[in-house]
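First subunit A sits with subunit B, and in the next complex the same chain sits with subunit C.
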Partner chain A sequence: MSKPTWDDVVDLPDELDDETAEQLYEEADELQDMTGEVCPYPQLEAKKAIQGLESGDLLVQETDHVPSTENVPKAVEDLADAKVWKSGSGLYRIFLSKK
Partner chain B sequence: MTSTLLVAAVVGLGLGVFLQKGRFCFVHAFRDLFAFKDTRVTKGVLVAVVSTMLGWSVLYQLGYYQGFWTPDWGLTGLVGGFVFGVGMTYAGGCASGTLYRAGQGYLHFWLTLLFMGVGYAAFSVAFPTLQSTYFAPLTFGEGVTLFEASSLPAPLVALLASALIGLAYVTVVGREAGETGTGREQAAEFRPVVLATPVVGTRRLLEGTRSYVRGFREIDDPIAASKRPWDPRTAALGITAVAVLWFSQVSIVGVTGPEARWTGYLLQQVGVDASSYEYWGSILFAGEGVTVTVDMIMIAMVIVGAGIAAAWSGDFSVRTPKLQRLPNAVVGGFLMGAGSRLAPGCNIGNIYSGIASLSVHSFIAAVGIVLGVYVMTHWLYREVGCAI
Partner chain C sequence: MVDEVTPDEVKEKLEDDDVQVVDIRPESEFEQGHIPGAINIPMSELPSRIDEYDWGDDVVVACPIGQSSIQAARLIGSYEDAESDAVASMEGGYREWEYELETGTESESDSEAQA
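Up next is the complex of A and B:
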């Protein structure tokens, strides 16, 4: 992937259904509890953690901060593919699979 | 009076909904631009400023307006703006972001609001001293907007200013495209290069706008789409609509001014004689007594509107902050409160309403705020680095 440009249309990450999300959650190589956090700390922690993982490893962030579901994937877009699960009641899980 | 209250309710609720649905956060707009070149929200801010400027210029020309945001200009804008920019980046939300997230159920941002109040109160106490030691030496001229200073019709001035902003935007986009190689091929057709860069950028702008409009046609279920996050540009157009209504009936859109009035009013309720303080008594409440004003109602309704939009989207919940984040809310909130009075004006007053008013004070204050975000972003990202 080339370096990010000013003009990238940043698509929202794909949303996972409950079952797939639950299954993936079990397979996580690293979990980060980011509930109660605000920007930019989840972005920073994701970037630091993903740098320490092997290709194919899965990092899952659990968060209650809405903007994180978009800007955490954006922060690590060169390093990981992202999917998001939304509970519908203010809790989210961000699945980051290291490239 | 009743009709003004109705306008305040409509504008406040509308602003709350649009801010929440568009995640319209100025910290996101600038911090993520510097950190990762993420421009989603930045584009929303640009659309809001330009379309509001055009709308207000027409109303001004026709005489349907109540006044621009034109504080005296000088270095206070730079100093206060910088303090505010540092504060909002540390707190994790700007003046408008703090409001809409308070409505979304974040206790972190209620605490931020509380300490913004402490900032307003501290400023009001220090105001007589600050007037001679800070404002007098750092203020250079009377407040002025290019709309009033120019002999050209206001809509034409707004068009010229928009064209200038547009040219700057397409030049930056064009240069970026050239650097990353994607636009180099097309650029080679044109000479000289100084001309090619804006041309490539304009092409990108047109493509982006087309794909934005196409996005609406792909909506098959409007209710489901309304629950998903909206493109910040859509929110920007909604914000413009209510800001135009507000401008014709009451004033420019401000956040921290009305909040500072709330602080004085609430202190008055618990026995503090707020009206005896010069800043509250004769400046914020203009000698008309410390009471609830219509813009205070509007700001309160923003929180309600954001709460409704969040509940509708499944994003409402009472969120308790981590203990280690408390300094962000306390210190960040205080710096925002104090900085917004020192400038004066917050991100909404200066970057949104102020630039849309073409106010000289706000040009300086906007630079101060963005500089504050830049410095603070580099400090927060010191371990992983920034893109810009």
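Up next is the complex of A and C:
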């Protein structure tokens, strides 16, 4: 009997291709390493960081917790637009661009 | 779509004694205080441990703020051995829970629920 995975049930934002993600990552205004962290900490930290940014600035959160790629964008959806990049080996980057 | 139940509704269900509460917070938080009778499956372990339990027909998932519990309820509901409409999420999570908590690792339903 096959077991479901988070990828089966998590609602991801639009995905970025490798090249675009790499370029945006270099230009990010703030980076947060959230690997190993679970709800609600990543959401709270994203909200705090975005409030300190200017419109158009970019926050990138790195995580290994798939559910965060849905929860974090939802937690800041009034403040920022979200995209996600998957490494394919368990690492995810959430790109949050302040509105 | 996952159903959400309020903490008050969960409290009532506990009194009817037929609900299975699944607490997906880390073990350390579970030990400090959890909904009486809840079993603890930390969220990161849920996909690999989903087949360890007999999922009954009234399951409520609880987390800190009621967000991850929706995803966990989707995951449990998508498992072949569970019914999706039998799994709900506790709205607002533990942040909204105003009733008594049980401490420690074991709760009587922990051993009963094991498959």
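Basically, the second predicted complex is superposed on the first by the 87 of 99 C-alpha atoms of A that agree within 3 Å, B and C clash if a C-alpha of one lies under 4 Å from a C-alpha of the other, contacts with A are read in each partner's own complex, and residues count from 1 in each chain.
Everything below uses one rule, namely that contacts are C-beta pairs under 8 Å (C-beta built on N, C-alpha and C of every residue); 3 or more make two chains touch, one makes a residue touch a chain.
The model shown is predicted, which means the values in this text are computed figures rather than measured ones.
In the superposition on chain A, A:G90 contacts subunit B only, with no contact to subunit C. Residue contacts after overlaying the shared chain place A:K99 against neither subunit B nor subunit C. Comparing subunit B with subunit C, more residues of subunit A are touched by B.
In the superposed model, A:L12 makes contact with subunit B only, not with subunit C.
When the shared chain is aligned, subunit B and subunit C each come close enough to touch A:N71. Counting contacts as defined above, subunit A residues 2-6, 8-10, 38-40, 43, 65, 67, 70-71, 74-75 meet subunit B in one complex and subunit C in the other.
Those residues of subunit A that touch subunit B in the complex are listed here as 2-10, 12, 35-41, 43-44, 47-48, 64-67, 70-71, 74-75, 77, 86-91. Listed in rising order, the residues of subunit C touching subunit A in the complex are 26, 43-44, 47-48, 50-51, 63-65, 67-68, 71, 74-75, 78-81. Of all the residues in subunit A, the ones that touch subunit C in their complex are 1-6, 8-10, 38-40, 43, 65, 67, 70-71, 74-75. The part of subunit B that touches subunit A in the complex is made up of residues 23, 25, 27-28, 31-32, 35-40, 91-93, 104-106, 108, 172-173, 176-177, 180-182, 204, 208, 211, 228-229, 314-317, 319-322, 325, 328, 377, 380-381, 383-384, 387.
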